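Please go over the structures that come below.
Look at the two complexes coming up: chain A is in both, with chain B in one and chain C in the other.
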Partner chain A sequence: MHWLELLVELTLMPLVAFAIGLLMVLMMRRIAARLQRRIGPPFLQPLYDIVKLFSKRTQTSHGLLHEFGIVMAVGGYVAAETLLPVPGMNGIAEKGGMITLLYLTMIPSLGLALGVGQCANPNGSIGISRALTAMLAYDIPFVVVIAGVAMHFGTTNLVDVVAQQQAGGIEAWGVTQMPLLALAGLFALQGMLGKQPFEIYVAPAEIATGPMVEMGGKFLGGLFVMQCFQLYTASVLYVTLFLGGGENWITFLAKSFAVLLIPMSLAFLFPRYRTEDMLTMLWKWPMLLGLLGLVFVGS
Partner chain B sequence: MIGALDALLLLALLAVPLSGLLATSRPGRWLLVAGYVAQFSLLAALGSGTAPASALTFDLLGNTVGWRFDSLGWFFAMVTVGAAGFAAAYASGEWGDAHHANGGSLRWLYGGLQINVLAMLLLLSSSDFISLFIGWELTSWSGLILMLLGGSEAIRAALRYIVYAIAGGMAVFAGMLVTHAAAGSLQFDVVQGAVASMSSGQLWAIALLFIAGFSVKMGTMPFHLWQAPAYAFSPGPASAFLGSISARMGLFAIALVAFKLIGVSQLDRLSIVTDRFDLRDLLAWVAVFTAILPTFVAMRQNDARLLLGWHGVGQGGYMLLGLVIADELGSAGGLLHVFNHATYQAILLMAVFAVIHRTGTADLNRLGGLVARMPLSFLAMLIGIIGLAGLPPMNGFVSKWMIYRALILDGQPLLFVATVVSTLGTVLSVYKLLHNTFLGQLRLEHESVREAPWSMTVPMLLLCVVVFVTGVAPGLVLQYVAAAQQAIGLEPVAFILGGIEADSGSLDMLWITAILFAGFGIGAVLFYLMGGRSKRVHQLDNYAGGHFLTADVQYQYSDNFYAGLMHRIKPWYRDTFAWAESALVSVLGVVSSAARGFFDQANPASWALIGTTVVMTWMMWHALA
Partner chain C sequence: MPDSDQFPVKIEQPAQGGNIFSRVFDELTAFCRSRSLFILHYCTGCGAIELPPAMTSRFDMERLGISPMVSPRQADILLITGYVSVKTLKRVMLTYEQMGSPKYVIGICSCTVNGGMYWQSYATAKKLNDYMPVDLYIAGCMPRPEAVIAGLRQLMDKIAAGKANGWQDYYERYDHYLGNQQRLFGETWQTPTDVIAEARHYGLFGPETLGEHTKLLQQHQKPLEALEMRLGLGAPEKVKP
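Presenting the complex of A and B:
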């Protein structure tokens, strides 16, 4: 591939991800509004919010690491998006694969954890301890899913996974071939998005929004950007593993937004679990489904 | 003309008395560091591949005993001498003076370090079972010197270690006897040839005895209880050396005996449940449990040294797991992890001991906020924990990735999931280490703490460069790993500078790292060039839920850091293994006190009377019936 073409892809992929992520945030807020019988925010509200947060006059920093944590949180996702193939663009997806992507997406979380740690606020630290526990909770079933998918397609290369599904049509899609794993993946997805019922680490009334407690201005703005990327990454990864990726941009977008509809609709109907119950929940049902799914993949 | 190997061994031998002489003065200690540089250069000059044999050789019981490096031993030896050199440099400046002033013995520290290196070189270059056993015992006992230097707690742990080490040595010796009986020789080449004609019973005995004996040193479950306290409480540089490489001698010996001498095809004769589950599968599961359980034990520790010690045990599980998968990718991952672990574990222990040097404690509930006072030590620990947790772009990620991939391709999804469980646990645990030491609120008594002296930070930061560079360009190390694989009869891994290129999924760390740093760059541009200027505030300028904060209020979340998780998983492991060990001890105690009671009996005749009565009653009962 020509280097210029690659450079364009590497620039476009995070930009597109960000734009779609903004729309996903909008969708999340509109769903919440509908369920709560409100009208919801206007189309450009997520963008307004970021601009507002960045241009606030009071920007409180607790030190270099606080700032660098935000840089890592945003930058890590910018990097991760180039490993996630989208229609017409593979970026450097073939240099990494799904395991690398899984671990690369831990870098933003680490950045956030470092930044919060520097703030010296125990509410933040408690939040991070809970967030990391949540990661342990949802990543174990998610890894079962990854293992099953990698075994089924015989590769960890996401480009190959998409190509195999698209060559075989809907019968070859991950979701038809491995329905149990796809179901387990939905549980993990719910955890990954950090929405109810798995958002004890934010718990505004108890620990003052946890990791966000000392975040204001562009620090919070950075986390907002991170959330856009997070929504995009989670849903596109699910589409890539189970729904045949995107044949073109229209089906790709349709699938990505459709996938997010499920966890988002569920989120606003449930109260939050305590940490212990979240662990029990995520280590019981998705694990059972996932392990059963693995048996079918193996046989 | 003296051979290169002999020159190396002689230098190492000569450096032992020199260490005793020179260690008390600063220039003397720098000379000793230069001695390690010389040993490292000599070793590097020997080169990977078939090196010349030592001139030291003798006949014993019809066996020729000798020493010669192959690529496997050489690879381990490079890591060993390198680790010792960094440890020696770390102690050469202010740390050594402080240790001396506090009544610690530098002569024993440096002498013990050099004796360890010598013993390990002898073990790693052994070329028959007798030299292997000599090296094994020397290594076991010389480790004890360093462990005993750490004071009362360390001595208790060291006494425990002795029992394990003797038991392990006995198993190895018994394995040698069975081998001699089965093969008629203790020469490696003769044994190698005889393995195919051994009965599976003989092979079982040999494999089990050797692997159990060597596993003791590895700290593989169920022999894992001694290691963390024994390594953790020895003085800083000794702890860094022991923690980074010492336990890997067990892995080396397993690789040598199980793979080079017995061989994978012969090992696969040892099936447990038909063809579905054999000795290698058993070892893989043992390795996985060794990777998981100690990790979650580490998470509970409140002493930074013990936390790292338990992770050392756990990471050993990855290495063994990679090795027993025995395909090109997995075994390369396992061997590469030896190098990677040695580098980041040394950094982490050095950073912890730098904190101890400045604050006097490694108690994770009595530290915090030190990033503002010791930024370089923080940076070192950050790079170290990214390596230990196995996240890109540090070297720990590459070796773990290779093991994951091998497990998936090998059709072992459960083992894969289990290793990732261990990795996730490690992420949690190392964040606790970093957070409780360097992040959060700085304590009042640490307001005036300064950065560690350059003699301590420079070795740490140099190792950080190694961890980063070998993470970005793992091909630099993989060439030696591939040679080591060939030396033990495995397929060598096909690698590129940036990692692995394969049809079923590649890894190119050059690209991954470049894109990651580009991402950080974009993040930095967005953050620093857009929006308002940020203003630095004091750490007490914080949201405290309406409370008024002053510096004397402890406002740091550190104790029982993962309370929710612990609440859930604690009932799952109630110190089962510690219980089993103490049960064994009490059974032995009861038996020995019974024996002693019998021996000390004031009136033995009464026992004889009781015994005779019982026997006669029994006989009469039978006669009547």
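Presenting the complex of A and C:
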């Protein structure tokens, strides 16, 4: 591939991801509103929020790591977008693969932990310790799911995974070949997005939004940007592994938004679990489903 | 409203002439600021009871881009619902000074305007805008959610027009506000925020920023020190009221 073409793709992929992520945030807030019989925010609301936060006059920084943590949180996802194949653009997906991507999706949580640690706010420390425990809870079933998918397709290359699924049609999709793993993946997705019932680390009324408590201005704006990327990454990864990726942009977007519809519709109907209950639940049911799925894949 | 008629208040002017991009950019930020407002509620008074209906399904503030937030760092609006006693006013001041500029204060209910039914109380702060610049009062005992939302829309219009500049007034006339605070809380009153340094930082240092009251503050001011980290349960330290 020509280097200029690669450069254009590496620039475009995060930008497209951000634009789609904004729409996903809007969808999340609209769904919440509809379920609570409200009208919900206007179309450009996620953008207004981000522009406003970056244009605040006061930017209270607690030190170098506070700023670096936010850069890490956004940067981890920006790097992850270049490894996720989208229709027409593969970026460096062929050189990366699932395992690199799995590592990159952990970086934002670690960056956030660095930044929050510097803020020295007890609510923030409690929040981030819960967030990292939650990461441990959903990542272990997710690793099982990734291993199962890699075994089934015989590769960790996401471009190959998409190509195999698209060649075989719906019968070759991950979701029809490995329904148990797809279900376990959906469980892990709910934890990964940090949506109810797995959002104890935010808990606004109890620990004042946990990790976000000391974030104002551009720092909170950075986290809003991160949320856009987070929604995009989680849903596109699921579409790539189980729903045959995207043949073109229309089916790709339809699938990504449909995947997000499930955790979001569930989210606003539930209260939240305590951290230890979340750990018990995620290490029991999705793990069981995932391991059972592995047996079917292996045999 | 701050007493802007009696005192000259510098208003943040959008860039005039010259670079058209900076003018467009200023208008864009003013518009986004007006369409995205995070509210921090200070709900000690009875007006708080009118806010849940204003937020939930019947009146739905989120369709105007207004959503509740829980920490002063994240918030744009400090919403004070009802009376503030001398003790709670201290906490309100601490909260207000921690918020990021541009910030707006809304006083809801008659009690914030003139003390309301607590006019004769010895422990209630009567006029909120003696102690901090209030951008908007919503009078009533209590104002209905329609009135609250009408008030918020007025504030949105003011912000979009670049006229909601109460936060600048606090820096420019800090001596006036500090004097009123010292009258209530005593001469040794100090907050962790260095307002005078912030006024210099924002270029809002006016002739009335310093005065006799800030001189008094500087005599008593103790430098901020990090809290000592201690494990175990010792005897609790005595906290000055």
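Convention: the second predicted complex is superposed on the first by the 299 of 299 C-alpha atoms of A that agree within 3 Å, B and C clash if a C-alpha of one lies under 4 Å from a C-alpha of the other, contacts with A are read in each partner's own complex, and residues count from 1 in each chain.
Keep this in mind: a contact is a pair of C-beta atoms (placed from the backbone, for glycine too) under 8 Å apart; a residue touches a chain by one contact, two chains touch by 3 or more.
From a predicted model like this one, the values you see are computed outputs, not experimental measurements.
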item: If touched residues of chain A are counted for chain B and for chain C, the larger one; value: B
item: Touched partner set for A:Ser55, first chain B, second chain C, both or neither; value: both
item: Partner chain(s) touched by A:Gly222 [first = chain B, second = chain C, both, neither]; value: first
item: Contacts of A:Asp139 with chain B and chain C, given as first, second, both or neither; value: first
item: Partner chain(s) touched by A:Val213 [first = chain B, second = chain C, both, neither]; value: both
item: Which superposed partner A:Glu199 touches (first chain B, second chain C, both, neither); value: neither
item: Chain B versus chain C as contact partner of A:Gly148, first or second or both or neither; value: first
item: First, second, both or neither for A:Glu9, with chain B first and chain C second; value: neither
item: First, second, both or neither for A:Pro42, with chain B first and chain C second; value: second
item: Interface residues of chain A shared between complexes with chain B and chain C; value: 53, 55-60, 208, 213-214, 217
item: Chain A residues within the chain B interface of the complex; value: 10, 14, 53-63, 65, 67, 70-80, 82-83, 92, 94-100, 103-104, 106-107, 110, 113-114, 117-123, 125-126, 128-130, 132-133, 135-136, 139-140, 143-144, 147-148, 150-151, 154-157, 160, 200, 208, 213-214, 217-219, 221-222, 225, 274-276, 278-280, 294, 297-298
item: Footprint of chain A on chain C - complex, ascending; value: 28-29, 32-33, 35-36, 56-57, 60, 62-63, 65, 69-71, 73-74, 76, 99-102, 202
item: Touching residues (chain side chain B, partner chain A) in the complex; value: 369, 371-372, 382, 386, 390-392, 397, 401, 404-405, 408, 411, 413-414, 416-417, 420-421, 424-425, 427-428, 431-432, 434-435, 438-442, 498, 503-508, 511-512, 515-516, 518-524, 526-528, 530-537, 539-545, 555-558, 561-565, 567-569
item: Touching residues (chain side chain A, partner chain C) in the complex; value: 29, 33, 36-42, 45, 47-49, 51-53, 55-60, 204-205, 208-209, 212-217, 220
